[in-house]
Structure formats: structure tokens, C-alpha cells
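Here the chain labels run A, B, C and D in written order, and each chain numbers its own residues starting at 1.
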Amino acid sequence: MRMFRNDYSEGAAPQILQALIDSNAEQCVGYTEGDPHCEHARELIRNACGRDDVDVEFCIGGTSANIVGVTGLLRDWEGVICTPDAHINAHETGAIAACGRTVLPTRDTDGFVSVEEAERVWRVQTSTGRHMTLPAAIYISNTTELGGVWTAQRFDALCDWADDHNLPVYVDGARLGSALTSEENDLSLAHIAQRASAFTIGGTKCGLLFGEAMVIAHPRLKESFGYLIKERGGLMAKGRLLGVQFETAFSGGLYWKLAQHANQCACALRDALVSIGLKPYGSSSSNQQFFVMDNAMAEKVEEALGCERWLELDDKHRVMRFVCSWATTMADVTEAVSYIASL
Amino acid sequence: MRMFRNDYSEGAAPQILQALIDSNAEQCVGYTEGDPHCEHARELIRNACGRDDVDVEFCIGGTSANIVGVTGLLRDWEGVICTPDAHINAHETGAIAACGRTVLPTRDTDGFVSVEEAERVWRVQTSTGRHMTLPAAIYISNTTELGGVWTAQRFDALCDWADDHNLPVYVDGARLGSALTSEENDLSLAHIAQRASAFTIGGTKCGLLFGEAMVIAHPRLKESFGYLIKERGGLMAKGRLLGVQFETAFSGGLYWKLAQHANQCACALRDALVSIGLKPYGSSSSNQQFFVMDNAMAEKVEEALGCERWLELDDKHRVMRFVCSWATTMADVTEAVSYIASL
Amino acid sequence: MRMFRNDYSEGAAPQILQALIDSNAEQCVGYTEGDPHCEHARELIRNACGRDDVDVEFCIGGTSANIVGVTGLLRDWEGVICTPDAHINAHETGAIAACGRTVLPTRDTDGFVSVEEAERVWRVQTSTGRHMTLPAAIYISNTTELGGVWTAQRFDALCDWADDHNLPVYVDGARLGSALTSEENDLSLAHIAQRASAFTIGGTKCGLLFGEAMVIAHPRLKESFGYLIKERGGLMAKGRLLGVQFETAFSGGLYWKLAQHANQCACALRDALVSIGLKPYGSSSSNQQFFVMDNAMAEKVEEALGCERWLELDDKHRVMRFVCSWATTMADVTEAVSYIASL
Amino acid sequence: MRMFRNDYSEGAAPQILQALIDSNAEQCVGYTEGDPHCEHARELIRNACGRDDVDVEFCIGGTSANIVGVTGLLRDWEGVICTPDAHINAHETGAIAACGRTVLPTRDTDGFVSVEEAERVWRVQTSTGRHMTLPAAIYISNTTELGGVWTAQRFDALCDWADDHNLPVYVDGARLGSALTSEENDLSLAHIAQRASAFTIGGTKCGLLFGEAMVIAHPRLKESFGYLIKERGGLMAKGRLLGVQFETAFSGGLYWKLAQHANQCACALRDALVSIGLKPYGSSSSNQQFFVMDNAMAEKVEEALGCERWLELDDKHRVMRFVCSWATTMADVTEAVSYIASL
């Protein structure tokens, strides 16, 4: 049976792989600094964003992108507001602190930074002047860690608040494809590009072998990105690999098709599991689905389908995560549901 | 009227100042490296601790001490468990992150790290291996930020848990004098020295012009302290100033007398304010007292007595802090109480 | 004409690319944590090293590897001895300092750390105790930045000195393949594995799409690598990509064949250029060759063959670098020489 | 006999100590944030500088000041040009690297950053774009480590070059008093304040118990200082101690008188030692003097007068340092010379 462990268990989508094969014999300058593939990918992404005044850069992976993108917005004594479950707070081994900056978690529990909590953190942190870390950026991810999708209303409300406080908004788009093609979504890439100071377009979890593009509107990050990506060890020597993959992904809408496919599989899985009586944890229309199970079922699902334990709800129940990807098929979904139904 | 703003609003206790005057004409080697005053202070503190196998070092201030003491216990990817209101989390401008390490706050709201919360943080942080910051030390302060005093039972319970998890315990003793001379206290300096991996003995807030002593039992910190204190900018050129002050403070029990006096004034103030109907916030037997007041009274108290607003309880009430020191007199207390009673 | 710009201008060797194609449809766990390809590659590399007590890990690129490998050997106040032209000193944008550690360059001008200079740096840095950065590791690269190859005698002499001073030796093997297959070489992989505390086996510059393997013998780095690679943004989500490439490279000696081929092209180029009267700069038997040219010729060679200016010798002469790779052919060499001869 | 070991072997000048005694009973707000002594000292220093648009801040010591002053001028990937013997490069245990920034030493051997060397470092470091640390500040010290005094011509030449390259100049004035009162000096405090982006006025080595003032003209450092001084552990709780000392030092020219006295003693010592046939090392008109001695004499001088070995010239000769301070008397000088003459 196919694993539903995560979306980076897979290789590359065939079109991406083919592009790597086709370009393999070329000689290119390194470091994403002017090879034709990177330049073409930049142009395609700028077009998709509807802005030609943004910088488009390439990173080898999500943590590396977050390190450069977030710390490049912050001075030494500044911090970034995010949810407690934010990847930068909970799953990157203190990478922001390793660069000397502080993560300032809100108390939001649903994966979305709320205006109320952002405001609360802001007030606390600015209450005693220089004795506390100064909030200087907001980090959100779309989709959230729990598969949530930012609506335009929610996003704009946070961006409005951020503008009022002169805080840049950084969007971790490791699963941006899934977010923007979900049935709930009403945000466009152009809208995000208009309001976010910087955001990533995740490749690793959406059909590429690896790589994230970063769209940068903020002047400070434009200045800092080039140096930081090198200094922090994230600059790829054969930079064209990133260019080749992203130009392919952004030609003919491939990126969005791959993402939408994963969503469709995930939603089919969700609906089928609900129909056999399983209880979803939260509500997701993206490629990650979370379900409550008793421990016995959870263990079988973990073993047979590679699902990760997301949370221990109580002594007897766990939340299990199912992730679909470009490589998942509807047949895989059917097989998984049958298996679970048989337990 | 005397201000009750804080315990570092004052100069040095007369005996400390006299010792600085008396030794002023001496020539000494620098950097706390072997001058007779530092050596003597080391000996006195080791004796007071009942251990001759600990290192005793000197720091210029509390934040500098915490930077060296906490980060010297941690490797790059490690973090320190503490309460949310811990000085290192809330009032040192991200100083631990500035050294690349992570602060891991519990959810304790009373200023004490509880075993339950330490255990919870530990479990979360070790649940996904290297993808999360590894807890590698515990930071507590005695007294706590809210003036709380660690009992032997509470302290030992945490130390037992820490031992089981092989975690060093670091005690920020900026107000250790106040803690160990409070009426609630049943801990001895020797007991702390026996169980803590490192702790500070605060001078700034207990009658010295400035300076903290650090008692170090942990091998890693013994190795790292000497280099870190220099690298982090905390090594004093005229190191003998620290030696002179601490040898005076630890001769004839001066340090404890100064602390006890501050406690007595603070408890007298507390009892008097309670007797006129004011409501304490929490319970403190140390030199910091917290009282709930309506906004109008709070503003007058802030202006007349220099008290700091500690918390906004609701729209109409605030928590105000009163701090007594070696320099406060019972007459000061009486005058302050009369003033407040008149409001 | 083929560019001789560098060895990362190329794609992957066909066998490597094929292995990526062949494994593309597999599902694997992520992060190099136990997928069969990484495990197999680890086994092959351990065998090639003749040690089963070393850890074998994988990095996305050279700077990332150096960040983790070098800083993982150092405590906060420690530094690494290397040549002034060392990659970590001259071409990585202060990446070691960005992790809080210090680079301690010798005065060696030929790319090799000499015992004399290592000793001199050691003496200076340990002359005033904690007031100076403590040397705690040695960084060398094989080949050196100038294409030099470490002989067993030279390597052992430095390792002996390092052992006497209890300093780990870290070998940056970005071009280790080229070094160990050069005509001058008398070192074995097993010999390096026996004496180095850690070293990398470069893939990017030797036929892989990307990636470096790191062989770790030093206990401190064994402990720190797993966390540091994540914290510093260098842990690859689809870790199996590194495993697939390295298992292919270390099956049937492919890695060494690719490297040897590059050397042969480079030496043929060298000999041909010497025979037409050009003057080599330094002496190299590896895949990088350096030649002195007048400015006019240098500019043409830069334009036509993509060669990099390495050094401005004087107002009229430059040192130009020629780099061959697995993709260079003898026909490419002949064509390049003919072109240069025609100038 | 009086030691000539260094200028921080002494206590405070009597006037400074008296001011501390006189103000000891006052209650003041903390952290240099608005107490009357700090405000008064700021005003006096601004007046002495002839600029009212500079910020004047206070630091606890020289390394702490350099950490904040230098790294506050630099972004993460930037570096500071200085001489190899600069305090930040050679005697502060990698403090700049500990904040993630890079020190870029020139090859100047006389303690002065030359335009030629600054230009050379600049060219090298900007030759390959983001692959190298970007020079973004220049650090000089006046007096230099070897007691050298910057002339107006030399200083202006460097500042002109720095202006052309848009580089701020930071002056470490740990011994600025000695520099500006030396017989060679033709620089005024106002001149330095006009051209330097930031500079310190050293108290520790010029009659204070401790403390350095920093004059800040650069907008970036104005913004960053307040937060950095706290984050790096250098903010003094009883900030008024710094205010009291500096207002005394800058009242009635005391600071300059103390410095000049030390210079006069040092020059008398210098002339007397030359007259008995000893050879100076370099040329100094400030409070540090360096003399070449054979090893036997050097050891006696080290033991009897506390002089530090500065350099081992060859197997038989050393350079020894003699330092005079506000506390040295002409009688001390005479006694020391007699002793040396007797050897």
C-alpha cells in the first residue's frame, strides 16, 4: 500500500524529472547567478505574481529558506511573532535562535496567527522598551501546520494590522500550492505577492526533487538575501537545478495541477473516512488530513500506511496525520480507506 | 519620601563603600585573576557553601551572569526550561537567543518551574528527535519574579526530576539574599550549593554597588566560564572591585543582614497595607511586595513612591510593585503607608 | 567550446542521473534517517574507509557541510586554524563567524597548513589564556584551493602535531576524489579515515547533482551533527536523494573513475599549455590548473572558455584557472589548447 | 615599588571616588535611563565634542563597548577592517565573531590602519560579491595597542578614504585621554566627534573605577545601541554610577589632567631609560612605553615592576611594556629607573 506519511516521501513529478534529464548536459554558471533556467524561472514567477518589482530567489529547502527569510527581516534584538506550532518555533531545532533572533509565539492553537494574539504579544513586548525583544516581523504559513487555508479576509485582516504596526509579514509557503488550490481558498498568488513582504513557494512538498522559491518585496530582505543565503550555507553550487525545476513547475500551470491533485486525493480520503465514522481533527481542505483514532487503530494505521502520530489527545486516543501528494492516486486512497474500514 | 521603585535605585551599603575606599590605593592584577580580594571572596563564599570543589567567579551584572551561566551549560542546539516570566525569557531582550540558544518556557504562572510543566516541555521537545531544541538545563530564580521563595521541598522535587533527566539546574540568585533570609525560607546556601549546577549570589540588589558572584559545580561550566565571560564582554578589568565587595559582604554575615533588613521592611509594609484593606497579589515574604490597586490609587503611588506597574489586571485595576532594600528604613515604611492610607 | 570554468557547471554523471531516475517512484522516509539508500551508501563508505566505527552523514553542499563539521568541533570561544585562502576563510561569507566561532588563519601561502605556522598560531593564541580565541581544530582541504595534493608525509606530519596538541583535523574533501586519484597522491581513503577527526567526500564537484558525504570519527561531532545539520538548515527532506547518489558513486568505484578522468583531462591540458610556452602558477596534478597569462590573453580565455581570474599578479599579468570535470573530454582539451595556441 | 603593569591596576582617582561617596545615598532610576548624573554627563560630553546631535551612552567596560559599538554598525554578513593587533582581533576572545560578525585584519604592523591596507582588504573582499564578507566598518584605536597617537593628517586621510567607500569609522578610545593629551597630538575631541561614526572615551584606564562613554553619530548605531547594550549583557542596573564618574571626569577638565599626568610620567620614564642606554620599541608619547631588553633583565623587570612581556623578539630579547597611570608619581618613575639602572 502507498504510504500517507508525508509529501516529501516521494521523488519528483515526471515532468520535473524529465526537465532535469533534458538539461543535464548543459554547462551553466553556478549559484543561481544568471544561468538561463534561473532567469526564466524568475520571470515566470514574477509574472504569476503580477509584480515585476519583486526579487525571486531560490533556496535548497524549507528550513534554509525560513532562516534566511525570517532573520533577514530582523535586526539582532528583534523577534518574529508566530503561532506556537509554527515550523520555526516547533520543528526547526531553534534555527532562528541559532541566528541570534527570538521567536515570539502567540497563544493561537489553530495554526493561524490572530490579530488579537498578535496585538497582545506586541503590547507585552513593547511594554518595557529595550528590556524586551522588539517584535519586527510576523511569520505565518499557508497551509498551516494543521492543513488550514488562509482566507483572503483573514489574511487581509492580519496584514492590515501588520501594516499599522509597520511589521513585515513573511509567509512560509512550503505547501502554498496546496493552499491556493484548495476548495476553501479565495486568495490569489498575486494577492499574497501584493501584501506579503516575502513568501516562499514550496517545491519539495509539491512535486520537485527539492527547492523553494522566495518572492521578496521587502527592501531589507532584498539587500540581505544574497549574502545570507551564502553565509548560512543555503546557496546551491549547481543553482540551475533550482531554475530548471521551477521553470518547469511554473510552465503551463504544472505546479498548481500537482497541488490540486494532492488536495483532491486528500479530500476524497477525508470524506471516505468520515463516511465510515471516523472523526476529523480540525477541518482541512488541503493535502494534509488529521483524524482522531483509538490507540489500537492508530498503531495499525501507523504501521500499514506510515501515518505520523500528530498528538496524543488522551490516554486512549491519538490524532493521526494523512498526507497526499502529486504521487498519490485515487486507487491508493480507496485501498487505504478499505484497509482502515477493515480494522 | 523614599522611593520603593526597586532595589537597584540605591548606592552601596556603607560597609561596602568603605571597603572600596579602603582598598582604593592598592595596585592589583586585573580581571579577577588572582588578586587577594577576589581570592579571599572566593574562599569566604566556598566556606559559606560548604564545598571546596566549586568554582567561584564574579560577574558585572545579572544579565551578563545569566548569559554566561546559562549558555555555558548548553550546546548550540540546546535550550533551557524556565517559566514564562523568567528574567531570561521576559526581561533580557533575547540575550539567550543572541548567543544562539533557545529559551523553552513552561506554562507556569506563579514564577516557579513545576515538575509537571518541566516534564511536559521535556516530552514535547524530545518527541521528534533532532527536529526540536533539546532541553539541556533548567533555569529558576530565587526569589522568583513575583517575590516567591523556594522551599526545600519544592526545590528538591525539581532537582530530583532534573537529576533523573540529567539536566543541570541553574539558579538565578539576583535576590538570593532576600530568599534565604525570608521568614518562609527553609533552604540553606549549602543545600543549594549541593544540588544546583550553578547559581548566582546577587550583589547589585543586595547592598553592593554592582556585581554578582557565581558558584559553579558543573564541569562544563567550569571549563567554559573563563572564556565566555571575556568573549561576552562581562570580564571586569579592575576585577578586584568585585572581590572587595564580596569579601566584605561575606564577612561577618553582612550580606544576610542587609537582605534580612530589606525583607523586614517589606513585610512590615505588606502587613500595614493589608491592615488598611489593600489586597496583596500573590504571597511574598521577600523584599518585593505586590498589591492590587484601582487605577487612580496606582497612579498616585507610582508618582509619589516610584512604584512600578507590574500588571494590568483589568480595565480598572493594576498590580503595583513595592521593593525594599538595605537602604529602606522602618520610618520610610511608615511614611509610605500613611501616604497610601490618606488616598 | 566547452567551458573550463568550474566543476559544478555540469549536471550529474549519467550513472548518477540514472539512479535518481530508477529510484524516483519509491517512497522513502525523509531526512536521511533510515531510508535504504542512505543506509546502503553509509555501508559502502564505511567499507571504503575501512572503519565501521565512524558515522557517515550527508550534506546538501560544501558550505553547509563546513558549517556543521567545523563548528560542531568547536565550543563558543574556540577557533579553527586554516590557511588564509581556505574556503572557510575566504569564500564562505563569514559562515564560521556567523555561527559564533573564529577562523584563525596561518600565513601559509601555498594552500597547505604547515606545522610551523600551525605551531606559531597556537603559541600566539594560547599566550594570554582566556583573552584570546582558543585554537581547537585544524581545517585543511584536499585538494587545496590551488589544486595541491596532500602527500602522506605532509598529512601525517600535521596530524602528528595536531595529536600532540589534542586538536581534531577536519578535511574539506570537496575535491577529495581528484586528490586521491591524482598522479602525485600516496594517501588512501582509509589513511585519511584513520587520522582525520572528520572529513567530507565531495559529490557536487565529482559527478553528483549535489551533495557531500561526511565521515565522522570525533565523538563531539558525532553527538552534534544530527542537531546541527537541522538547526543550520542543511538537512534535506528527501534525504534519499543523497543516499541514491552516494551509493551509486561508491558502487564499482564510479566516484574514483569520474575523478581520475577529470584529472587526466586537466593534466593533458596542463602539459599541452606548457608545451606551447605558457607558465603554470604553482604545480597541480589535480583537476584544477592555474596559468599565468598577460591580460589580453586572459580576457580572451575568460570569454571563450569561461576561465576565472584567480589573481592579478601585476599590472600586466593574471593567473587564470582551468577546471576539468567528469564531463570534460580529451577533445574538449584539444580544442581549448588549439584556441589558446591561436591567440 | 609601584607596578608599571597596566593602567587598570589602580583604583579610582580621588575626585572620582569622592563623587561616588557623595552621591551614594541618592535614589536614582536605573539603567542610565534618565537619572540626573547620566543626563549631566551626557551634556558635558556633548559640549566637549561640540555636537549636540550625537548620542552619548555608557558602557561597563571596553570589550562590552566594542561588542555593541562594532556589531551595531554591521549587518550579519558584514565585517570590520582593523589591524592584526587590534584589541577586537587579538585580545577579546573572538567577541565580534561571537556576535556573528567577521574581523577583517589588514597587514599593518604598527598599530595604525593604513589607507593602502584598508584599500587592499576592501578590494579583496569585494572581488567576488556575496561569497565574501562585506567590509562595512573600520575599527581603529587611539592610542594604538603600541601606544601610538593618531595625527590629524593620518586620521583625516583614513576618514576621507572611508567616506569614499561609505564605511563608518569606529574609534576605540580606551586610552583616548592619553592620546589627546600626548605631546604628539594635534587632534581635538571635536575633530574626532566630527568625523568618527562612533567612538569611546575610556574611563577604566583613565582614573575611573570602571566605565566607557560612547559618542554615537551614526544613525544605525543610534537605533541599535539601546537594545544591544541590554541584549549583550552590558547595561548597568545602577547606571548612575557611570553618570557620576563621567560627570566628574568631564567637569573642570579632570579627565584630561589625569591623562596628561600619566603621559608625563611615561615620557619621563622613557627618556630616563633611553638615557641609560635602553632601546625603545617603536615610538610612543603616550602612557604606554615599550623597551627591548635581554631576557635576564626582562625577567627582573617583570618581577619587580610587574611589566608585561609584550613580544619575544628573538631567543635572547623581549619587548617589555611599562604603563603609567593617574596614580603613578615622578618618584615612582625615579625609583623604577634606578632599579633598572642597577641591573
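The definition used in the following text is that a residue touches a chain if its C-beta (ideal position, glycine included) is under 8 Å from a C-beta of that chain, and two chains touch if they have at least 3 such contacts.
All figures in this text were calculated on a predicted structure; none of them were measured in a lab.
Asker: Tell me, which chains sit next to both chain A and chain B?
Answerer: Output, common partners of chain A and chain B: C, D.
Asker: With chain centres set to the mean of the C-alpha atoms, which chain is at the far end from chain D?
Answerer: A
Asker: Can you compute the centre-to-centre distance for chain B and chain D, using the mean CA position of each chain? Integer Å is fine.
Answerer: The mean C-alpha positions of chain B and chain D differ by 33 Å.
Asker: If you average the CA atoms of chain C and of chain D, how many Å lie between those two points?
Answerer: 42
Asker: Using CA atom averages as chain centres, what separation in Å is found between chain A and chain D?
Answerer: Between these chains, centre-to-centre, one finds 50 Å.
Asker: Taking each residue of chain D in turn, which ones touch at least two of the other chains?
Answerer: 76-77, 92-94, 98-100, 130-131, 227, 230-231
Asker: For a test of understanding, state which residues of chain D touch chain C in their complex under the given definition.
Answerer: It is residues 76-77, 79, 90-94, 96-103, 128, 130-133 of chain D that touch chain C.
Asker: How about chain C: which of its residues touch chain A in the complex?
Answerer: Touching chain A: residues 2-3, 5-6, 8-12, 17, 20-21, 23-30, 60-64, 66-68, 92-95, 98-99, 204-205, 209-210, 227, 230-238, 241, 306, 327 of chain C.
Asker: Hey, which residues of chain D end up touching chain A in the complex?
Answerer: 71, 75-77, 99-100, 129-131, 134, 224, 226-231
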